[in-house]
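Below are two complexes that have chain A in common, paired first with chain B and then with chain C.
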Partner chain A sequence: MAREIYQAIVDGVLVGGVYALMAVGLTLIFGVLDIINIAQGVLVILGAYLSYVLSTRLHIDLFVGLLVTVPAMFVIGVIIQWAFIRRLRGRERTSMTLLVTYAVALIIEGILYEIFGPNPKQLNASYVQSSVRIFGFYLSDIYLYGFALAVLMVVAIYLLLYRTTFGRSVRATMQDETAARLVGIDVNRVAALTFGVGVAVTAAGGMMFGATNSFNPNSGYDLISRLLAIVILGGLGSIGGALAASVFMLTVESLVDIWSPEWAIVVFYAALVIVLVIRPTGFFGRQPVRAQ
Partner chain B sequence: MKADTVKAEEATARTRAASVSRQRVVAGLALIVLAVAAIEFPLVFSSPVVTNYAIYALIFVAAVSAWNLFSGFSGYISLGHAVFFGSGAYTVGIAARDWHVNGVAVFALLPLAAAVGAVIAVPFGLVALRVRRHTFIVITIAVFFIFQLMAYNFSFTGGSVGVSAPFLPWSPTSFNDHFYYITLACAAGTIVIAFLIRRARFGLQLRAIRDDEDRARGLGVHAMRVKLSAFVLSGTITALVGGVWFLYLTQVQPPSGFDPLFDLSLVLMAFLGGLGTIAGPVLGALIIEPGQLYLTIKYTNGYLSEILLGVLFLVIVLFVPRGLVPTAGEWIRRLRTRGRPASGTVSPATSAPPAPPEASEAPAREARTT
Partner chain C sequence: MRPHLPWFSKNGLALSAAAVLSAGLVAACSSSSSSSTAATSASTSASSSPSTKAPIVIGASLSLTGDFSADGQAFERGYQLWASDVNAHGGLLGRQVTLKILNDNSSPTQVQTNYETLFAQDKVDLAFGPFSSLLTTPSASVAARYGFALVEGAGGAPSVFESPANMSDHNVFDVSLPIEDEMLPFVSWIASMPASQRPKTAAYPMADDPFADPPVQLAQQQLQALGVKTVYSKIFPAEVASYKPAADQVAATGAQVVVLGSTDVPTVAAFIQAFQQQHYNPKMFICAAGPDQGAAFTSAVGKPNATGMMVPNGWYPGYANAASQAMVQAYVTKYGGSPSGVNADVAEGYSVGQVMAQAVTATGGTDNAKIISYLHSGVTLSSVQGPVKFDSLGKNSAAAAFTFQWQDNGTTFKQVLPVSAAGSVAIINPKPNWTS
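Entry: the complex of A and B
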């Protein structure tokens, strides 16, 4: 029993790393643009399908393929922001952006259905099936690589935010958009690029998700609800919170999974509700949600 | 000079009053015509194919009006109303199965469905209404998923097989007509409730919360009590409608009872017609639901209808963001104010100018609320 628990914790942490990758994009977009990108889930699936096409048609390795899919998703993100989200203003902006991103999700999902059909797919490579034994724990290679990739990308985002001029303008915009505008930051450009970066990480997240789960165009809904739970739990707009919350949530799910796989997902959402009853701002909320 | 202004004001007041009462008469007549048309509808279009469209449209008219009287008035966008819809459906199904209720008696279970909706709405609201904006929306989604998963996992809900309704002893030819009038009654009842709330102090408090909750609290609105009451009322009606829907469809499974697209459709309908108005969501439901049903029946795989739904969404939000009814009201008002001074029906005094927009605003407001 103790062994199972340790194994579950290790699994939870590794899977949590992959979710962290997707959740960081979502929380970054929220922090800068003050919107929730409902399309994030289906964009992850789109990333998975891009990797699928590259690996089955062109026989490009999954990780090498990221060199193509990450920039591609970045461009898609910038286009979505430029075409639809930039125009929204006014009092109903919150619900409007929600609807717009939901609409984008529906359109992408429909197109994926038209192209790939409803049958589930899974990404395959030599390291997807294999596993290694470390200290008596069986760790599948793909999760180890994925965790390493997640750490790498999160570090890259951290460096981008805290060591570059662009990052400084992003953080300034997160803190106070009007003030950022006043000191000469092109807020629209920052918003577009941030949306691009937030979507670009879904390419990596999608590749990992596709390699560890079977997916079809409909998988985005389950994913977005989990990601939303994670970023709310971590505190909207907090990157560290997103990391902590994904590891925490996935570990909880993994632990409950030993006892009952059916109820594991219920516990996932119930954990969110319970935490928010006690702490409405989540773990690392920037400001009280009540005051918004 | 003074007497002149007074006389002029009296004149404008009289024309204003006359135009308001004329507006009322027109609106009343229109309502009567609408009611007669709605009642006569199945007699004219007796084909079950047509009444099927009408029944689904009316179910959604009732559901979206119930959604709107909470979300539209208070500004708290709920994406979890399928919780009530599905719970209502399951309540009727499970109660009928376990208590061996047969025949027309199953309709006696509808109040139970409503009660279950209310019982669920109280804790749901107490938790979710503590937070605002994005977080509220996400909590409603989370609760929604918890309910869907519970429906899958519990044994008394029948798992993924779901629950079937008892057989109704109605002939196939009159089956749809019965349901048409039941759903019509639900829709009309919900619209009347929403209308009364919008005009009452309660509705005003809800809209004050939407505009600025902190200020509303500062002005003495018991925000939590008001929000929760609206949420519970909305959930109760939605559960009742869910029960009717279940009896019409005769079965419910977890993904159909707790359907994320249900919530999405409600939001889309309300936004298309005009969030927070009475006529808007009704209009939205009457446009979208038959369209969606038609596309689903025509293209059985449903992917094209999904893309079209998404495109429609984008078009509405980007080009008619305030909804059809408020936008149309604006156009009518603009047309009138442009026509009024030229026609010279208002008093010739110089004090008149501020009057026309006011005079024409009142009927426009009237038109929006009906």
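Entry: the complex of A and C
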């Protein structure tokens, strides 16, 4: 039994890394722009398909391919923000973004169906099937790389937000949009770029998802509820919180799976409720600045 | 960790609640809710001599998007291929056939709405079934309410036949193999081995689905009776975060046989990947579904890894039946690919059309009461999947169960069990190790 528990913890941590990669972009957009991006799951799948095209058509390694897919997804994110979200203002903005991003999801899904059809695809590389034996456990190479990538991504976004002029503009805009305008910050540009960054990092999540799961254009819908639960548990806008919450939630689910797979999902969401009752702002949430 | 963005909106909690509710909404529509009711009218119009008679309109709901979209779209091709063939030969009773296909998005609630629309609003003449047992059960109750015969090819679970609506109205007719018994050739094959050569241990991971579980549970029961020890038997939700933990648990048991209660290719592919990563090579690996998906399966898992994978079914592209071979040829001509890549769903859909056509011809019209009565008369009908004869609950009692296996480095899909059946070739045992 001890071995099963250790294996479950290892699996939870590694799979949590993959989910963190998918959730980081969501928490960035969610926390910074107050936008509930229902399209996040489909954007993950879009990222997976971009990696699939590069891998199968151009034989580009999955990780090297991120040099192409991340900028491509950034551009797609900026276009989505410019075309669909920029105009949403006022009190109904939050609820309207639900509908708009859902519409975006449907559009992307339809395009993917049209291009790739419904049959499932999977990303392949030598390290997708291989593993390394450590302390008697086989640790999957792709999951190890994914976890490392998740940590790197968190650090990169942290540096972007706290060590660059753009990051200061983002934070200033969200603390007080009017004041930010007064000091000369182009808040529309900041919003577009932030949305773009959020979608760009999803390219990495998509690649990891596609390398560890078969996917078709519909696969994103199963992800969104889990991703939202993760970013809420981690604390809205907390990049590190997304990683911590992913690892926590997936480890809990993996542990419960040993005894009862049917209860594993229930416990996943029950854990969210329990943590929010004890700490309403999530693991790394803070008191609302704008309410002060 | 510091990277927190301290702009938690004053409506943060409300936003959180909205987010979770939204997620629930999406999950509920889940398997996604894209074009929900949007009608994908796949009409197949006359190709030969134009008829002055009104066409026979046949309604169906299929999962063209959502979790079952790969199967649903393959089924659509089967229906369309049949309609094209019928119309090319003058139609039914001299009337052309038109298909009215609605997309149910793989949703058990949307499928009911679709059949309501087809019966009450579109006034279709006849009805073909949806994909999967999960969607056939609710569809059958709607069909029963409107007095329609629901001829289907993918609702073979006991829960379909034993639903209150069907027990009362007897209006469901499944042209395919009833799924509960489909693993029996595999069990019989193991039983035929000398006791010393039988596998000692088996694992039974199952997706929570009315299609996937019954055959695996029956196989487990019978293999246990043969002395094959169960080392893992769990039902996991159909939409788990990752199959890896469950697959790793199976790998840790080192079971010699894996009987996977799968519903689709992604489930099988995820287990294969995890088994590879754990350096675990079961000697036998049979799945309720997935390997029967032709090229969709081999492209997801890779042809070398497909080798030795088994799946029970009643049909395969190499089936020695003239009508089946003609259908496979017509399919390859129309859609491309190779015969081995033809999805079994295509044959199931095509068979639905064939059986309905024989009923319409025999009863001389589209009176559903007469069709129901005819199909329950004990008559034996023909289809590309072989003979069809319905029992009182609409199961195809004439269907023969076979086991198929990918061979020749994942390039050919062959019938291997029952060993004595015509067309069976030597089974690959044990399954080759996974290939990176």
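Simple rule for what comes next: the second predicted complex is superposed on the first by the 280 of 292 C-alpha atoms of A that agree within 3 Å, B and C clash if a C-alpha of one lies under 4 Å from a C-alpha of the other, contacts with A are read in each partner's own complex, and residues count from 1 in each chain.
Operating definition for what follows: a contact is a pair of C-beta atoms (placed from the backbone, for glycine too) under 8 Å apart; a residue touches a chain by one contact, two chains touch by 3 or more.
Every value quoted in this text rests on a predicted model; they were computed, and no experiment measured them.
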{"item": "Chain C versus chain B on the shared chain A, clash or fit after superposition", "value": "clash"}
{"item": "Touched partner set for A:110, first chain B, second chain C, both or neither", "value": "both"}
{"item": "Greater chain A contact set [chain C / chain B]", "value": "C"}
{"item": "Touched partner set for A:88, first chain B, second chain C, both or neither", "value": "first"}
{"item": "Contacts of A:253 with chain B and chain C, given as first, second, both or neither", "value": "second"}
{"item": "Which superposed partner A:36 touches (first chain B, second chain C, both, neither)", "value": "both"}
{"item": "First (chain B), second (chain C), both or neither touched by A:236", "value": "both"}
{"item": "Partner chain(s) touched by A:221 [first = chain B, second = chain C, both, neither]", "value": "both"}
{"item": "Partner chain in contact with A:162 - chain B first, chain C second, else both or neither", "value": "second"}
{"item": "Which of chain B and chain C A:174 touches, first, second, both or neither", "value": "second"}
{"item": "Overlapping segment of chain B (options 237-245, 273-281, 291-299 or 327-335) - the one that collides with chain C in the superposed model", "value": "291-299"}
{"item": "Overlap of chain C and chain B interfaces on chain A (superposed complexes)", "value": "30, 36, 94-95, 98, 102, 106, 109-110, 113, 221, 225, 228-229, 232, 236, 262, 265, 272, 276, 280, 289-290"}
{"item": "Contacting residues of chain A [partner chain B, same complex]", "value": "30, 36, 84, 87-88, 90, 92, 94-96, 98-100, 102-107, 109-111, 113-114, 221, 225, 228-229, 232, 236, 262-263, 265-266, 269-270, 272-273, 276-277, 280, 289-290, 292"}
{"item": "Residues of chain B defined as touching chain A within the complex", "value": "77, 127, 130-135, 137-139, 141-143, 145-146, 149-150, 152-153, 260, 264, 267-268, 271, 275, 301, 303-304, 306-307, 309-311, 313-314, 317-318, 321"}
{"item": "For the chain C and chain A complex, residues of the former touching the latter", "value": "1-13, 15-16, 18-20, 22-24, 26-27, 29-35, 64-67, 69-70, 72-73, 106, 208, 234-237, 239-246, 248-249, 252, 264-266, 269-270, 273-274, 276-279, 293, 295-296, 299-302, 434, 436"}
{"item": "Sites on chain A touched by chain C in the complex", "value": "3-4, 7-8, 11-12, 14-15, 18-19, 28, 30-32, 34, 36, 38, 41, 94-95, 98, 102, 106, 109-110, 113, 117-122, 124, 126, 128-131, 138, 140-141, 143, 154, 157-158, 161-162, 170-171, 174-175, 212-222, 224-226, 228-229, 232, 235-241, 243-244, 250, 253-254, 257-258, 260-262, 264-265, 268, 272, 276, 280-281, 284-291"}
